[in-house]
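Letters are used for the chains, namely A, B and C, taken in the order the chains are written, and counting of residues starts over at 1 for each.
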Amino acid sequence: MSLLEAFGEGFTRRALLEAVMVGGLCGVVGVHVLLRRLPFFTMALGHATFPGVVLAGLLGMSLFAGAAVFGAVVVLVVALLGARDRVDDTSAVGVTLSGAFALGVLLLSAQAGFSRDLTAYLVGSIVTVQPGDLVTTAVVGLAVLATLAALHKELVLGAFDRGGLAALGYPVLVLDVVLLLVIEATVVTSIPAVGTILAVALIVAPAATARLWTERLRATMALAAALGATSGVVGLTISFQWRLAAGATIVLVAAVLFAVSLVVAPRHGLLARRLAHVGPGSAPTSSRA
Amino acid sequence: MNLFEPFTIPYMQRALVEVLVLGALAGAVGVLVVLRRLAFVGDALTHTVFPGVVMAHLLGRSLLLGALAFGVLTAVLLTAVGRHRRVGDDAALAILLTSFFSLGVVLISRTRGFTADLTVFLFGRVLAVDRTDLVQTLTVAAVAAIVLAALHKELVLRAFDPEATAAMGYRTGTLDLALNLLIALVVVAAVEAVGTVLVIALIVVPAAAARLLADRVGAMTALACLLGAAGGWLGLAVSYEASVDHGVRLAAGATIVVVLVGLFLLAAAVAPLRRRRAAAGGHP
Amino acid sequence: MDPDLVLVLRRATVAYDRDPVVEGVDGEVAAGQSVALIGPNGAGKSTLIRAVLGLVPLTGGTIQALGRSPQAARRQVAYVPQADILDAEFPVSALQVVLMGRYPRVGWVRRPGAADRQVAARALAEVGLAERASARFGTLSGGQRQRVLLARAIAQEPRLLLLDEPFNGVDALSQDLLLAALARLRAGGAAVVMATHDLGLAHLACDEVCLLNRHQIGFGPIGTTLTPELLRATYGGQALQLRGDGVIVARP
């Protein structure tokens, strides 16, 4: 059954609306994630808030509350661990991610209906989105966008030159935390659509794609939002047509857009760069130690 | 709590051998992952192997083969991506990782029993390991161990001083590919026991804990193997006890990971004390 | 080619995306000789060193090390990077770091043997760190770590030694020991090329100098080439002060 045919159904319209809102929101937030090089952290956040979401679900609490609390705990743990000698940031994130995720699995496994719920949390279940979820998404989305708009210049400066921001008298740490909370809120909002594992894709891919086409920041955000929403709609359509998991299909569409752009984008695309330089490639700098 | 009694049962024995071998192997490979701060790459590999497992399952072939094929493919891809960073290495990795993973999810979503299958692939079914599985795991583990032993000194050199490694004439790209292949082998070996999501814990956590306590690569490796194996054993024992004696079903794989993280936290608590004692006793 | 010549550069040029990073480097280094690469930051010293190591391709001119291409000659060429770029928490001892210099000779799969350990121990002794052999690399001071890296290069038994700013942030004692070890290497027939900011040490350690600022400004004996005029040309007219005994101090 195609999307058009199913359009008459309530769940279809809701899924579509959710896909557009979540896609757009993730696109904008994704630009900040890339600016501060936080994709791994975002992925870890997705994995690590999983137990919070499970716990909230089990206790009948708001998913947001559960995720928010757990997210804050995770951020704290990663920061504390990473500050110790001999624990580098990457390992700190790796340990926290694994531990939190396993905790979530344990909590769920102790309940019945294990598999079904787990899957919904992990890879989304957009077709079961309820009107209440839509309202939540809209409210959170607006709050996030308003925050980002209000703090735009500070966040951008902070991403480029943390020292400079501090020197100007801004509370750098507070701004960092605000951004992390924004990312956290976005991840949680994406769960019904694409689940915790895939949320990072919808946040990172449209933004990465947009960056290949434009250098101006606001244009990047607008483009990223558009690409995110488009991935949502196209992905949903394809998933209806061929009866595939919706969240995963959305992510695949976003990834394809990225891959295509990687090759054809003027100036930053692979083709463009191949045509531009005639000499040898760059000196191989020592890759990550 | 009884650490030995559960393992008189055949299926528990097999599970134990499986986690002991996996724990030790993952710990040894994990040392290099941690020293080179490659946890993200390791994580990416675990996600990218997933569609291979799914495809093998759908085609009725050995899961191991499917995982192996994709493991090799993605190890090559990840090595290439790692060396041509323009998009921002982490972003490219994240996209690669999630698109492969999505591919796996999409493929499996067309089958019935979608959610149950997904769970098994993601989290494993260590208690359902049979003799064939065990033999397969041991074979893959043996191959990985041999490769690791053969290349060990060069891999450590690469981790310590990439510039000198290149200056001495080694091809760092080849060494990177070798390590990525090793990680892929570990993931492949672990797929049925703990699943693709939790294997990253086996790789990173014991090694990260060993790092805190060891001053030499050799000691770090030995300790990582020990912790990995111990985590497997304790995890199985705890999960068995919980389900049999207390009626609480705790997924075995997840329990193992939680135990490992607990060991890590223990190491993190003990490490500063050890350092202080060493500083007081020996030279600064 | 004269068998005594360890390194020959003929109009060597390295470019990146059509932008030349360093060009027109022309000169020879014979066995036992030592050349200082001098120039401001961004002059191309590190790039030139990498080109001699065969790590970056030339876009013009040629480089011959020991009569062969840089890649072919690598077994006989040793590199000493700056010690502070290495992870101080890495779990290796000083001796283990020096042993790493033997890996190319040991080859794949095999482990260093007793003979290798002896060579490594001797190299460590040469830089005055024999009694710190089993100390963790990161517990040593900056100067000591630099000495360990030189020992690693010595353990390679090279005929050409390349050093990148070996005296940066190094204490006086370590400096003396490094200079002495380098002198012994040269006496044994090895050639040395070192990038450095320190003109005083260049005088002490080297007999030739190559002045670089993205292109070669001079290459010759240090007495005749390290002149105020050429230095001004190299450093782009930055403030220079002349001291009485002819040692010129410049702000890099």
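In this text, a residue touches a chain if its C-beta (ideal position, glycine included) is under 8 Å from a C-beta of that chain, and two chains touch if they have at least 3 such contacts.
All values reported here derive from a predicted model rather than from experimental measurement.
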item: Chain ID, smallest distance between chain and overall C-alpha centroids; value: B
item: Remotest chain, subunit A as reference, centres from CA atoms; value: C
item: Centroid spacing, where centroids are CA-atom means, of subunit B and subunit C in whole angstrom; value: 41
item: Centre distance in Å when subunit A and subunit B are each reduced to the mean of their C-alpha atoms; value: 25
item: Interchain centroid distance [CA atoms averaged], subunit A/subunit C, Å; value: 47
item: Where subunit B touches two or more other chains at once, by residue number; value: 159, 163, 166, 211
item: Residues of subunit C engaged with two or more neighbouring chains; value: 55, 87
item: Contacts with two or more other chains, residues of subunit A listed in rising order; value: 85-86, 284, 289
item: Subunit C - residues contacting subunit B, complex; value: 53, 55, 71, 74-75, 77-79, 81, 85-87, 90-93, 96-97, 100-101, 103-104, 106, 108-109, 111-112, 135-136, 139, 152, 156, 162
item: List of subunit B residues in touch with subunit C within their complex; value: 35, 150-151, 153-154, 156-157, 159-161, 163-164, 166-170, 211, 214-217, 219-220, 283-284
item: Residue numbers on subunit B that touch subunit A, as the complex places them; value: 34, 36-40, 42-43, 47, 82-83, 86-95, 97-99, 101-103, 105-106, 108-110, 114-116, 118-119, 122-123, 159, 162-163, 166, 172, 176, 197-198, 200-201, 204-205, 208, 211-212, 248-251, 253-255, 257-258, 260-261, 264, 268, 271-272, 275
item: Interface residues, subunit A side, partner subunit B - complex; value: 34, 37-40, 42-43, 81, 84-91, 93-95, 97-99, 101-103, 105-106, 109-110, 114-116, 118-119, 122-123, 197-198, 200-201, 204-205, 207-208, 211-212, 242-245, 247-249, 251-252, 255-256, 258, 262, 268, 273, 284, 286-289
